Amino acid sequence: MSEFLQALDIIRPYVAGAVLILGAVIVFLGASGVLRLPDFYSRLHAAGVTDTLGTLLVLLGLILFSGFTLLSAKLALVGMFLLLTSPTATHAVANAAHKSGLKPLLGTWRSQPPKDEPGNNT
Amino acid sequence: MNVSNESRIGVFMGYALSLTTAMAVLWLVLSGHYDSTLLLGLGAGSAVFASFMAWRLHILDVETSPYHRLWRFVLYWPWLLMEVIKTNITVIRTILSPDMVLTPRMVRVKTLPDTDMGRALFANSITLTPGTVSVDLDSDEIIVHALLKEMTDKAGFADMAARSARASGEKPADKAGGMK
Amino acid sequence: MIFTAALLLMAGMTLMLVRLLRGPELYDRVLAVNSFGTKTVLFLCVFAFLIGRPDAVDIALLYALMNFIATIAILKFFRYRTLDIALSKMQRRGDHT
Amino acid sequence: MSTDFLTPLDAFTIIDLVFMTMLVVVGIAIVRLKDLFAVVMLSGVYSLVAAAWFVSLDAVDVAFTEAAVGAGISTVLMLGAMLLTAREAAPTKPIRHWVALLVVCATGAALLYATVDMPSFGDPLSAPNAYVGLEYLKRTGADTGVPNVVSAVLASYRGYDTFGETTVILTAGLGVILILGMGSPLRKKKKPAPAKTKTNTNKDEIIGAHHVVLRVVSKMMIPIIIIYAAYVQFHGDFGPGGGFQAGLIIASAIILYALIFGVEAAKEAVPPSLVRLGAALGVLIYGGVGVINLLLGGKFLEYNVLNPTHPAHGQELGIMFVEIGVLVTVASVMLIIFYGFTSRQPDISDKDW
């Protein structure tokens, strides 16, 4: 049993690093989505990727790094507050846009097949 | 609401107590200095001060102090986490696909939890799952913007509404007196 | 590894900056600032490990707590052209559910 | 300066360079944009980048202050100021462009010339790293019992300076009162309705179920922000933080409340008279600690005498009270400014002041 725990402790930094990198990659993908997507409302969803899964994975990775410490508890608090406030902020922005009459793109939208330069479609 | 004055004070004290306790716990997590009596005392004082401010600002009620219902939320959270992961994968796949096809929709969701707490939780859950963003919350509907039309599944929203209603402490028979 | 993560987050911040400068709607800018804030919070957390100063997590916590205040102010500014009206009715004591 | 670029680019230099580039880009964009609203957004990002950059320079205390200012309050106050003015910057006459450019270029050249004389980053022989700074680092622990040297320098070694700064903040608040007034609640109560109807929205939009999400989350956050401010206040001895930051954070909590429930409700709970009192009271607390020291036979702001048997404890105690004074003044002045800006809406008739 203790050997198993020891083994766990040895692989823990690697797992933590992998989770951290995955999270950071997802944050980056979300950011590139914010550049790539066609209109304001669809960009909200890409930003949401950063706000949710990206945040969770980055913080989880850091928590795995530091182990069972007070720092982990603080990181968990950061995550909790972010998950509480960021959808609220997103809702506020979306609401402001909607109320002021910004029309969403509806129907079907395709990115131009020949060219996918990120962000040239606005 | 027809609550007798005494029980109202009792409920009120309950909120104050649960808020103060939660704030004290938060202080302990933040502080990390458990050997200094001065700091512990200051922490207790600060927790009381936070509750006092809540009272002073007239916000000392269940929405400010939902901490005695936290365990319900703990039950809700794993389910929401799974949803978040699932929808995230869908959205990331959409963003990454070289020829992106979006089918954005604005839909009205009519099934809502009864209390404001539940509605706020529901609306935030919708926003937390990428692909859907709650744009406007009305007294009888939520307007949701969805990135793909597969995400506007009525049953899915109804399920989430029921779950967030339960997580915010709503009993099926409890007709809450929130704003209508 | 931590350093790579920090660089990725910085790349994400840069992309947000591009969106912020490009607009085109003001809402896009608000969205970009918001997302930039989230990324900064994450970056500060990662950076706390990189330099071995857990204090940086306190700053991240501060941003996580307070960044949405600005967004609410922006919402009020947009919709009502004023900051002093109420967005929500005060629920007096006794309205407990 | 020059030696920095000769060493191979290490990890942190890359990060610093990226952040500096971002700051420059944002700065140029702020100068070039006409839309004031976009400028407010950009200055928010400027603050975020600056905070991250300060952390990377190991100046956590400075970063913390930047964060406390930039996270909520500066944007809110800038929007409040924007409400009093036009949304777009007025075009300036081209001739003034040239004069300004000339001044900026001259200043820039002078600054660049000055950098040649500056010690390189982290030079152990540079002034801040040599004489008095070292002394502070060496003696702080024994003198004050406060682990965070920055707090000790701020509140104890340089207690006079901080007293002066606190007074400056009070003066700023007084200036805002003199220019914008405080929006006396008695006068406004007589006619609350006309003050609100001029916005082009119907009533049920203003007050209704629309902002349930904002209300519920904000109500939850307000006590949490307050307890966090208390944590920042009382842990300034150990980590970054102290009265300035905590005051800003508490003021942010009340501003958040005012944003959700209206400034009227906030004024009811935290009346302007109280805030005015608080602004002066904080300075009084700070100075009062000094006077008590005088009465106990010490010098002004010499906290040692607060605990004759254990001077370091006296220092700790003195620093704590002084920081409370700073907190009260800073929080009050921030609210004075906020009340001043928001109660001075263009659609409220000006003859009240």
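Chains: A, B, C and D, in written order; residue numbering restarts at 1 for each.
Assume a contact is a pair of C-beta atoms (placed from the backbone, for glycine too) under 8 Å apart; a residue touches a chain by one contact, two chains touch by 3 or more.
Since we're looking at a predicted model, the values are computed, not measured.
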item	value
Identifier of the chain whose CA centre is least distant from the whole-structure CA centre	C
More contacts between chains, A-C or A-D	A-C
Euclidean distance of C-alpha centroids - subunit A vs subunit D, Å	30
Distance between chain centroids, defined by C-alpha means - subunit A, subunit C (Å)	13
Whole-Å separation of chain centres (CA-atom averages), subunit B against subunit D	31
Subunit C-subunit D separation of Cα centroids, rounded to whole Å	18
Contacts with two or more other chains, residues of subunit C listed in rising order	6, 13, 30, 32, 48, 58, 61, 65, 67-68, 72, 74-75, 79, 89-90
Multi-chain contact sites of subunit A, meaning residues that touch two or more partners	30, 32, 44, 51, 74, 77, 81, 84-85, 88, 90-92, 95, 97, 99
Sequence positions of subunit B contacting 2 or more other chains	26, 30, 58, 61, 63, 116-117, 123-124, 134, 136-137, 179
Residues of subunit D that touch subunit B when the two form their complex	208-213, 215-217, 219-220, 222-224, 226-228, 230-231, 234-235, 238, 253-254, 257, 261, 265-266, 269-270
Interface residues, subunit B side, partner subunit A - complex	26, 29-30, 32, 81, 84-85, 88, 91-92, 95-96, 98-106, 123-124, 127-137, 143, 145, 147
Complex contacts: residues of subunit B adjacent to subunit D	19, 23, 26-27, 30-31, 33, 39, 42-43, 46-47, 49-51, 53-54, 56-59, 61, 63-66, 116-117, 119-121, 123-124, 134, 136-139, 179-180
Complex contacts: residues of subunit C adjacent to subunit D	3, 6-7, 10, 13-14, 17, 20-21, 23, 26, 29-30, 32-33, 36-37, 40, 43-44, 47-48, 50-51, 53, 55-56, 58-59, 61-63, 65-70, 72-77, 79-90
Residue ranges of subunit A touching subunit B (in the complex, touch as defined)	26, 29-30, 32-33, 36-39, 41-42, 44-46, 48-49, 51-53, 56, 70, 73-74, 77, 83-84, 87-88, 90-91, 94-95, 97-99, 104-111, 113, 116
